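Should a chain be cited, it is by its letter among A, B, C and D, assigned in written order, with residues numbered from 1 in that chain.
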Amino acid sequence: MQRVRPLPGYLIQRYQGWKATRYKDNQAWYRHLAHEGQHPRAMVICCCDSRVHVTAIFGADQGEFFLHRNIANLVPPFEPDGAQHGTSAAVEYAVTSLKVAHVIVLGHSNCGGVKGCEDMCDGKAPELEDSSSFVGRWMDILRPGYERVKDIKDPETRTRALEKQAVIVSLENLMSFPFVRDAIAEGNLSVHGLWHDIGEGEVEHYSAEADDFVPI
Amino acid sequence: MQRVRPLPGYLIQRYQGWKATRYKDNQAWYRHLAHEGQHPRAMVICCCDSRVHVTAIFGADQGEFFLHRNIANLVPPFEPDGAQHGTSAAVEYAVTSLKVAHVIVLGHSNCGGVKGCEDMCDGKAPELEDSSSFVGRWMDILRPGYERVKDIKDPETRTRALEKQAVIVSLENLMSFPFVRDAIAEGNLSVHGLWHDIGEGEVEHYSAEADDFVPI
Amino acid sequence: MQRVRPLPGYLIQRYQGWKATRYKDNQAWYRHLAHEGQHPRAMVICCCDSRVHVTAIFGADQGEFFLHRNIANLVPPFEPDGAQHGTSAAVEYAVTSLKVAHVIVLGHSNCGGVKGCEDMCDGKAPELEDSSSFVGRWMDILRPGYERVKDIKDPETRTRALEKQAVIVSLENLMSFPFVRDAIAEGNLSVHGLWHDIGEGEVEHYSAEADDFVPI
Amino acid sequence: MQRVRPLPGYLIQRYQGWKATRYKDNQAWYRHLAHEGQHPRAMVICCCDSRVHVTAIFGADQGEFFLHRNIANLVPPFEPDGAQHGTSAAVEYAVTSLKVAHVIVLGHSNCGGVKGCEDMCDGKAPELEDSSSFVGRWMDILRPGYERVKDIKDPETRTRALEKQAVIVSLENLMSFPFVRDAIAEGNLSVHGLWHDIGEGEVEHYSAEADDFVPI
């Protein structure tokens, strides 16, 4: 593959710095993880967005979080049709092989994927409605959430509500996986929904009592 | 959703610690990112594995890497069939909306997904061959890589070769996306393949000259 | 000592978070504790096991529990032979200097030390019988407990019974310390035995009436 | 054992509160830990002192730290004489069975055990010199540290220096265990020394470069 390029120098330099410092300081733990395997306590499903640093926010070390990141932190419904479902594969591996104790869906403010979905459902982004738009088809998962918030008048409030729907719809879809339902029923798994305000650093969590997000 | 639980207390405490220190110290930058949007320089595609800390290895700050994480860091082939393709959506968003300058595929040692693929192709994991196995169907993406390494005699060498094939097959599939090919041809995008040894902290990159992975 | 390494960065970050939140919120109490000395109400003797969080289970604050943790929560018999007895020193300090009102021995399920003792006594762990095995010699303390449960047929029941013997033998040995006996006789000390099921969150306590463990 | 008493009611109440809240919220993780075993990343050796809350300071969750606590966080020298050495047993179990990546010795300010040692070595605590004093014989481990600081004039400075010697002597003694030395040499273990100021919330770590404690 002639078009594959060497890594930019500044990334090589940073890697070398990491190797000489953080890796060296934690070499024993890295080797332990390599030899003994991973035993993460939680799976976190969050957005690819470059502004979401879940390991920093929760002080997580190597080996602690099994991390799946996709556009808008979405989980599709259970659909065992033999096609390729990367998110469903990640959930299946975490719950049935790694037997994680927690699945945390972490949404966030200012989400480009959620905004795209809103525009598409509003009829303002015809390019996303095209069957060949991967982003559009992926954001279809959030359409049931759009239906619930579409009548909100204030634009900012509506967008924020849709960002939180991205978490709620994903939690609902998670529950459609038989192995997730079983693990919850057996007391071996709990699921959690969070929404993170990037600019203000706040985190809210979905409360079953309130049936809404509340500050933690 | 009655079955959604509040966040464990130790994560709340750690979050509060982050809020009072790292967030507080960087509030201006977080607010800038929230108001001005993200402008990541690179997309990184890596595994969900809890032992892979790509932001640590490359000293990445908030806003720097658009991060997609799935099982075994795989990119499927270009298939605009109207179905949901989370990885393809992430690539499309990064290249066409965010216009990242780099796409980096980062593989790693001791990968459970790759091992599962090897076992499945060897006929040792019939449960993964079932059409309802999300992990099995997802790992089908790596079958062309298995074909290339299956005759390697030494088991450890073969597994390692297959881990690197997970990067190579993904790079090949990346090239099947027209908007990726176009961005490369216009000089607006470069793609890179890396493989990371978790225990030893080494990173190798795919060299087009050598047509193989070489230490960086 | 060239081989001593700096603390891993994630622990430093978490510490800084603690300092900025929980420490700051409780600074007055920490300073009080530093200046006025500790006045714990109880000594707890529990296992080193990472899954036993005694301060969480009993909602203990800074300054409340004098905590000794060793393998399998064992107290050796009173043996004032001039050699180093770390556990006996801790008991002596708690009872005669701090004059704690309670000594609580807390055993637990899934104890690796107890299982090692059972295997050793069953003749299945010759490496633990070696005179140079610190774990083996330490677990010798539990041999009288093994004698009492060895005829139990069901393996799981036997292991659980031996875990509870680790508490009973320790309580018996505690009573062999003259200063413990005296403090109890004077009404200044009471001793308690608990066994904790890690997976189910249950706690049982030794009841003198039942001469057995009963749920609390 | 007629003299064993039921647990005080306030502890039962707190336990029941924990069971209904923190346990319930984390049940899945507790069960995971019970069924899959512990995989702690670090062993921490700290004092029994009720004011030292190591899990709080470092935001540690269940399963993270293998915790040995004794008077003055001391490790005795390697002495495989067939006698009972609880601390050596804990170190052996952590390093050879659990294969922890880190051993952290955490000393602290205002340590009663260290003060007792200082008084004893100064000839001011004859009761601790008695061969039947468990605390006195245990604190003998720190005598080499006393020798190094005894000429310091200012009493407060001298006591603080001796508290830090409790960490240094323990690190030196740790290095006398062949399995510790081997694990370090193979890159599978690193050891760390910390000293914690209870009143001010500060933590210093032993720096090999400085051959002294420095703030973190």
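Throughout what follows, a contact is a pair of C-beta atoms (placed from the backbone, for glycine too) under 8 Å apart; a residue touches a chain by one contact, two chains touch by 3 or more.
Given the structure is predicted, the values throughout are model-derived calculations rather than measurements.
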Recurring contact interface, reference A-B, options B-D, C-D or B-C [over half identical by residue number]: C-D
Chain pair with more C-beta contacts, C-D versus A-D: C-D
Chain copies touching (subunit A, subunit C) - same or different residues, decided at half shared: different
Between subunit C and subunit B, distance of the C-alpha-averaged centres to the nearest whole Å: 45
Subunit A and subunit D, separation of their C-alpha mean positions in angstrom: 39
Gap in Å, rounded to a whole number, between the CA centres of subunit D and subunit C: 14
Set of subunit A residues in contact with two or more other chains: 22, 25-27, 29-31, 35, 56, 59, 61, 63, 102, 190
Parts of subunit D lying in touch with subunit C, wherever the complex brings them together: 1-8, 11-12, 14-15, 17-19, 22-23, 27, 30-31, 33-35, 37-38, 40, 43, 48-51, 53, 55-59, 62-71, 74, 76, 80-94, 97, 102, 104, 109-110, 112-113, 131-135, 137-141, 168, 171-172, 175, 184, 190-194, 197-201, 203, 205-208, 211, 216
Subunit D - residues contacting subunit B, complex: 22, 25-26, 29, 56, 59-61
Subunit A partner contacts - residues on subunit C that touch it in the complex: 5-10, 13-14, 17
Subunit A-facing residues of subunit D, complex: 25-32, 35-36, 39, 41, 59, 61, 63, 99-102, 183, 187-190
Touching residues (chain side subunit B, partner subunit C) in the complex: 13-14, 16-18, 20-22, 24
